[in-house]
Amino acid sequence: MSSIYHGHLTVSIFGQSHAPAIGVTVDGLPAGEAVDLAELQTFLARRAPGTGPWSTTRKEADQPEILSGLDRGRTCGAPLAAIIRNTNTRSKDYENLRDIPRPGHADYTAQVKYGGFQDVAGGGHFSGRLTAPLCIAGGICKQLLARQGIYVGAHIAAIGEIADEKYDPVELTKEQLLAPGAKVFPVIDDAAGQTMQEAIAAAKAELDSLGGVVQCGVIGLPVGLGDPMLDGMENRIARLVFAVPAVKGVEFGLGFAAAALRGSQNNDPFYMDGDQVKTRTNHAGGILGGITNGMPLLFQAAVKPTPSIARPQESVCLSRRENAILTIHGRHDPCIVPRAVPCLEAAAAIAVYDALLEEWERSK
Amino acid sequence: MSSIYHGHLTVSIFGQSHAPAIGVTVDGLPAGEAVDLAELQTFLARRAPGTGPWSTTRKEADQPEILSGLDRGRTCGAPLAAIIRNTNTRSKDYENLRDIPRPGHADYTAQVKYGGFQDVAGGGHFSGRLTAPLCIAGGICKQLLARQGIYVGAHIAAIGEIADEKYDPVELTKEQLLAPGAKVFPVIDDAAGQTMQEAIAAAKAELDSLGGVVQCGVIGLPVGLGDPMLDGMENRIARLVFAVPAVKGVEFGLGFAAAALRGSQNNDPFYMDGDQVKTRTNHAGGILGGITNGMPLLFQAAVKPTPSIARPQESVCLSRRENAILTIHGRHDPCIVPRAVPCLEAAAAIAVYDALLEEWERSK
Amino acid sequence: MSSIYHGHLTVSIFGQSHAPAIGVTVDGLPAGEAVDLAELQTFLARRAPGTGPWSTTRKEADQPEILSGLDRGRTCGAPLAAIIRNTNTRSKDYENLRDIPRPGHADYTAQVKYGGFQDVAGGGHFSGRLTAPLCIAGGICKQLLARQGIYVGAHIAAIGEIADEKYDPVELTKEQLLAPGAKVFPVIDDAAGQTMQEAIAAAKAELDSLGGVVQCGVIGLPVGLGDPMLDGMENRIARLVFAVPAVKGVEFGLGFAAAALRGSQNNDPFYMDGDQVKTRTNHAGGILGGITNGMPLLFQAAVKPTPSIARPQESVCLSRRENAILTIHGRHDPCIVPRAVPCLEAAAAIAVYDALLEEWERSK
Amino acid sequence: MSSIYHGHLTVSIFGQSHAPAIGVTVDGLPAGEAVDLAELQTFLARRAPGTGPWSTTRKEADQPEILSGLDRGRTCGAPLAAIIRNTNTRSKDYENLRDIPRPGHADYTAQVKYGGFQDVAGGGHFSGRLTAPLCIAGGICKQLLARQGIYVGAHIAAIGEIADEKYDPVELTKEQLLAPGAKVFPVIDDAAGQTMQEAIAAAKAELDSLGGVVQCGVIGLPVGLGDPMLDGMENRIARLVFAVPAVKGVEFGLGFAAAALRGSQNNDPFYMDGDQVKTRTNHAGGILGGITNGMPLLFQAAVKPTPSIARPQESVCLSRRENAILTIHGRHDPCIVPRAVPCLEAAAAIAVYDALLEEWERSK
């Protein structure tokens, strides 16, 4: 009851940052689907550490080994399991965190919840590293969705207060959707991206970190995915998006901005585009009543600034029950947002593919 | 796979706006807990229509009948089921919506998903009316939580661009938390509330509607509720919050505002308050790594403006496949936000009580 | 986590024997399916008390009220909820059972589990009466399956040591399958049925009760329903069959008799029947590796003798912690087996329809 | 939705017989529990092939590697994942089975279900080899249960028509329960065991196989584990027991024999043994209304004879749609029953520990 998404697809994530391995099982994939391991590797590389100055210097090949679920390169109906070995671990960097928890991290809450038995090395099961198995599952779903003409992409919408352009909510093309993901620094507007990178470098130089916002889009969706109330597309996506440790908010379409509008402004008028029902605007982010309406599905996630900063911080010594000053060692990202981009694509892809499987069941 | 929250507690919601009844089953409540039906009724009355000029004129007593799960006034270990009969229905108001869907509503998506077999009367299963059974389940959880010293409250944080004060994120008392809920118009600052009501009246006069933001808080929480990754408090609450039809975004603690900060600003420093570990600020909203840290749990939900407005709107005629102008009849709230306040408390209460049950299991 | 079957279909049962109502919600039914309420009523009448001398004299109309999930007589995509009001209750018959538990019943275990807060009247949630909502869900599934050419039937295979004929495991026709269910006393061989009824009458006259075996069959199944390991057809059916309170064993195909055979005797040889793959025998009961093979699916369930007998029995007084003699009042079946027949059909129908929905998902 | 047990504990099994690995994840274990890997290895050795003449000659070390979930030898709150590498594979033995399915096996049903994409080598995901990860999960649960004074044991109750003694249903001691499991051939009565082994040798000499019955017992149980209807101990255990591929039936207490008795014979009279409520007989197998009553929990599982026999058998050629004679190569057990004994202990241990976790939650 913790690291499992249990829908028509069951995605079960395991591992700790410095355990022998991290991994995932995916149960419920249809049989006969080819999995392109090279493409999966390319997708995982977007999340892997060490690709730019904004990222931790811990280097991990992050090469998944598929243990089961494939036969002759295709899904065979059995659960797919994949692992990534942890190799480049420096556990002693974390020795003091059991007693002096890092502000903004799960060190303290895990210490209490697990009675001191939690694995603190590298953040244990709470490490951002656990998004790698999420990306394995999501990367496979992305491939299967693409085969149905459904595409998932994302970009950095903001770093600190520097904003990227937004996806066109109505006319979003496959090229526009996927272009940022092909860049080392995944933005639409490279000039904004340049400013963002400078801001990250500045924060890093000041032993600080930066947060940001990621926008994610899905196009090519049929009308009718998702369910009312507890299993709407918003519920499913939100549940998966908050699996990415640094996410503190999610909004669909206009989201919080919609709250400031009137109904006459926010409603998306329907019209016929040839024989297709479309909406002239897309403030709803492609979801009505929890169900896709065929317009681009769009959401944004707020990513907090990396809590692990090199500056001395106020904390407490749990054993002595007194205040303490903590200086964090270890290797950390001054800004996690670029690496969060593929993770949010993965979250969306799992949610959408799960809903698609369910719709296939119903539509028979 | 649609209207069920399936955790340690299983909450299963059923009904359509104009079906014989709406209702809920709650499976997994501990035996021996008294349920105060008068208090539950008071809670439901906060959500019921017809309490103010911002609300629909449809009047429903919304009196739940407990069908099972109680014996001599206490939970008896069996699933609790409760229903509310639908009485004040005017289904003919909705006859045209099967063919001409309302912008911003699920009419079109439901039509496609269910092949025209959906119940359109009153919005069917997509009606805001279905939040009444959510409030039955949540209202019971609120009572059980209060017995553990855990309190759940909420208030209107904004209507349109008019903001209420926020809850004190660090020192929030039970009185402050619960005060807004005791008012007919649930705000902290009544002057702001007055302005909000005038804005709603103005929008109504212009045949329009308004959205807003609700802030919800939970205090008295032990450290350690929630799980990493897919079952963190954010995941659980988000999944339930999006069950309230008009919600389009959710953020915890500073949420999207955190994305614009640096780590040194956003991190909540730990300190000892006597023998208790506390944080000096509470930007995290009381959740670290998905797990409660003992500080007030705080989140905000964006509520879109009621899509049902009396103005003529652009839509399409599905049978003729041509554009059409829709004028909505029926009785609708010019602003759903005041009635959403108890619904969000209910969502939070279910999520928190579910996590508490799980923690009891682990802590044995 | 108690009275819920959670698959592609979620069936959630609630109620106590003497609570205001018993009922069920079924979530996940496809939209657009007609539900024949008269046919459902006929099916429920087979389970209802008071149809013969082997049954309790408690009379309940057992008329379900559909509260939601239907629109214009068809499923509308929303959860279907149905209740049956409890009317003919004589709760005082049960007053002593909280302190002096009935042997063979859940009185004692419920007392301990629920700390004395359980509803003892009529057996509360443990009553055989709770199989009525199971039959509502199962009766609807039976209708939907029949529309796909899949038929579910059952008969009394034995009462005490008196055996009925068995279904032909290879050539079972729809007529043979359904014929027993159309009789008041559901057997294949009426002569055996006569002897059984005499044996029940004799047991009743001696203030005693009798058990028996029910055989259930499903025909018209496609090849490929069910999943390996935890979700095979055996796992699913077994899970549902043990929801019928008196069932103490289940076996598929030859079941326990297979354990005494050699592989060369037990294996079912494949052969081509025209273009169809069939097996010459059907010792496997139509299931290989948890998955249907297209042959009749056959299983048997052992039903224990009704524990409520009028003879004085040894028990204990829980409050005084001393031995006691119990004489049971109330109205009870001298043999529950005839009424268990439709319940087991219902269990099988739910399991099979659930697996069919899943297969539809996969086969798209 | 296939190889997952999803309760308070989630056990997710993956792997194919000749894939790189088989394995399991166990989510929901309390933190701080030591796992004795040597003891686990000893338990797994009881299931491993190659221990006697009744077993396949395929030799696998079956040494699990714990990938995650432990820290300093104890559970750390994160999901536990363990794998066993497949080493001794001879896939070419299975090449013909995609086209000519083995009678009594899942070859044909898997071929249809997965459209020919299933992994046939060694039986793929349907192989008895997949019970090894079940035993990893169950072996860990057995250790955790023993720490609570709850013991799980099993023995061969019959091979073909040769019966072992049964466990004493009332007075079963820990020594009696566990003694068979310490023997190479796990029976109570070694003389019967000798006859069984001779019968297996005879069947093997005739290129044939034998089935049998396993009896499993659990002692030290508190009163109150399990839930009514769908989550009774019978439902949970049955669901797990049928995960062992060759099992075709399960019965609790007297099971099918109870069906032939009268209520006065079958009911277990209660009496006070000091301050403890006990039953004089234990025909119910320690379960009343799905809930443990404190007496030994006892059940039996029917294990069919190994379908893979060396004799030529009738089958079909799926590609040519014609009858065919199949001669099976590969290495197979002439009797799977001895190796099924620990598997059924594992199934029982998972079900019981899951119910115990739930009870801990409720009893807070």
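Structure notes:
A, B, C and D label the chains in the order they appear, each numbered from 1.
The working rule: a contact is a pair of C-beta atoms (placed from the backbone, for glycine too) under 8 Å apart; a residue touches a chain by one contact, two chains touch by 3 or more.
Quick caveat, the model's predicted, so the values are computed rather than measured.
More C-beta pairs in contact connect the chains of C-D than those of the other pair, out of C-D and A-D.
Relative to chain D, the most remote chain by averaged C-alpha coordinates is B.
Chain A and chain C have centres, each the mean of its CA atoms, that are 45 Å apart.
Between chain A and chain D the centroid-to-centroid distance comes to 39 Å (mean Cα coordinates, whole Å). With centres defined as mean CA coordinates, chain D is found 26 Å away from chain C. Counting partners per residue, chain D has 1-4, 6, 8, 13, 31, 78, 110, 113, 125, 228, 358, 362 as the residues that reach two or more other chains.
The touching residues of chain B, counted against chain A in their complex, run 1-8, 13, 101, 103-106, 108-110, 112-113, 125-126, 130, 158, 160-161, 203, 208-213, 223-224, 227-232, 234-235, 238-240, 242-243, 245, 247-256, 258-272, 275, 277, 279-280, 284-285, 288-293, 302-309, 311, 313-316, 318, 321-323, 358-359, 362.
Across the complex, chain A meets chain D through its residues 1-4, 6, 8, 10, 12-16, 19-23, 25, 27-28, 31-32, 65-71, 74-81, 83, 110, 113-119, 121, 124-125. For chain D in complex with chain B, the residues that touch the partner chain are 8, 30-31, 78, 228, 357-358, 360-364.
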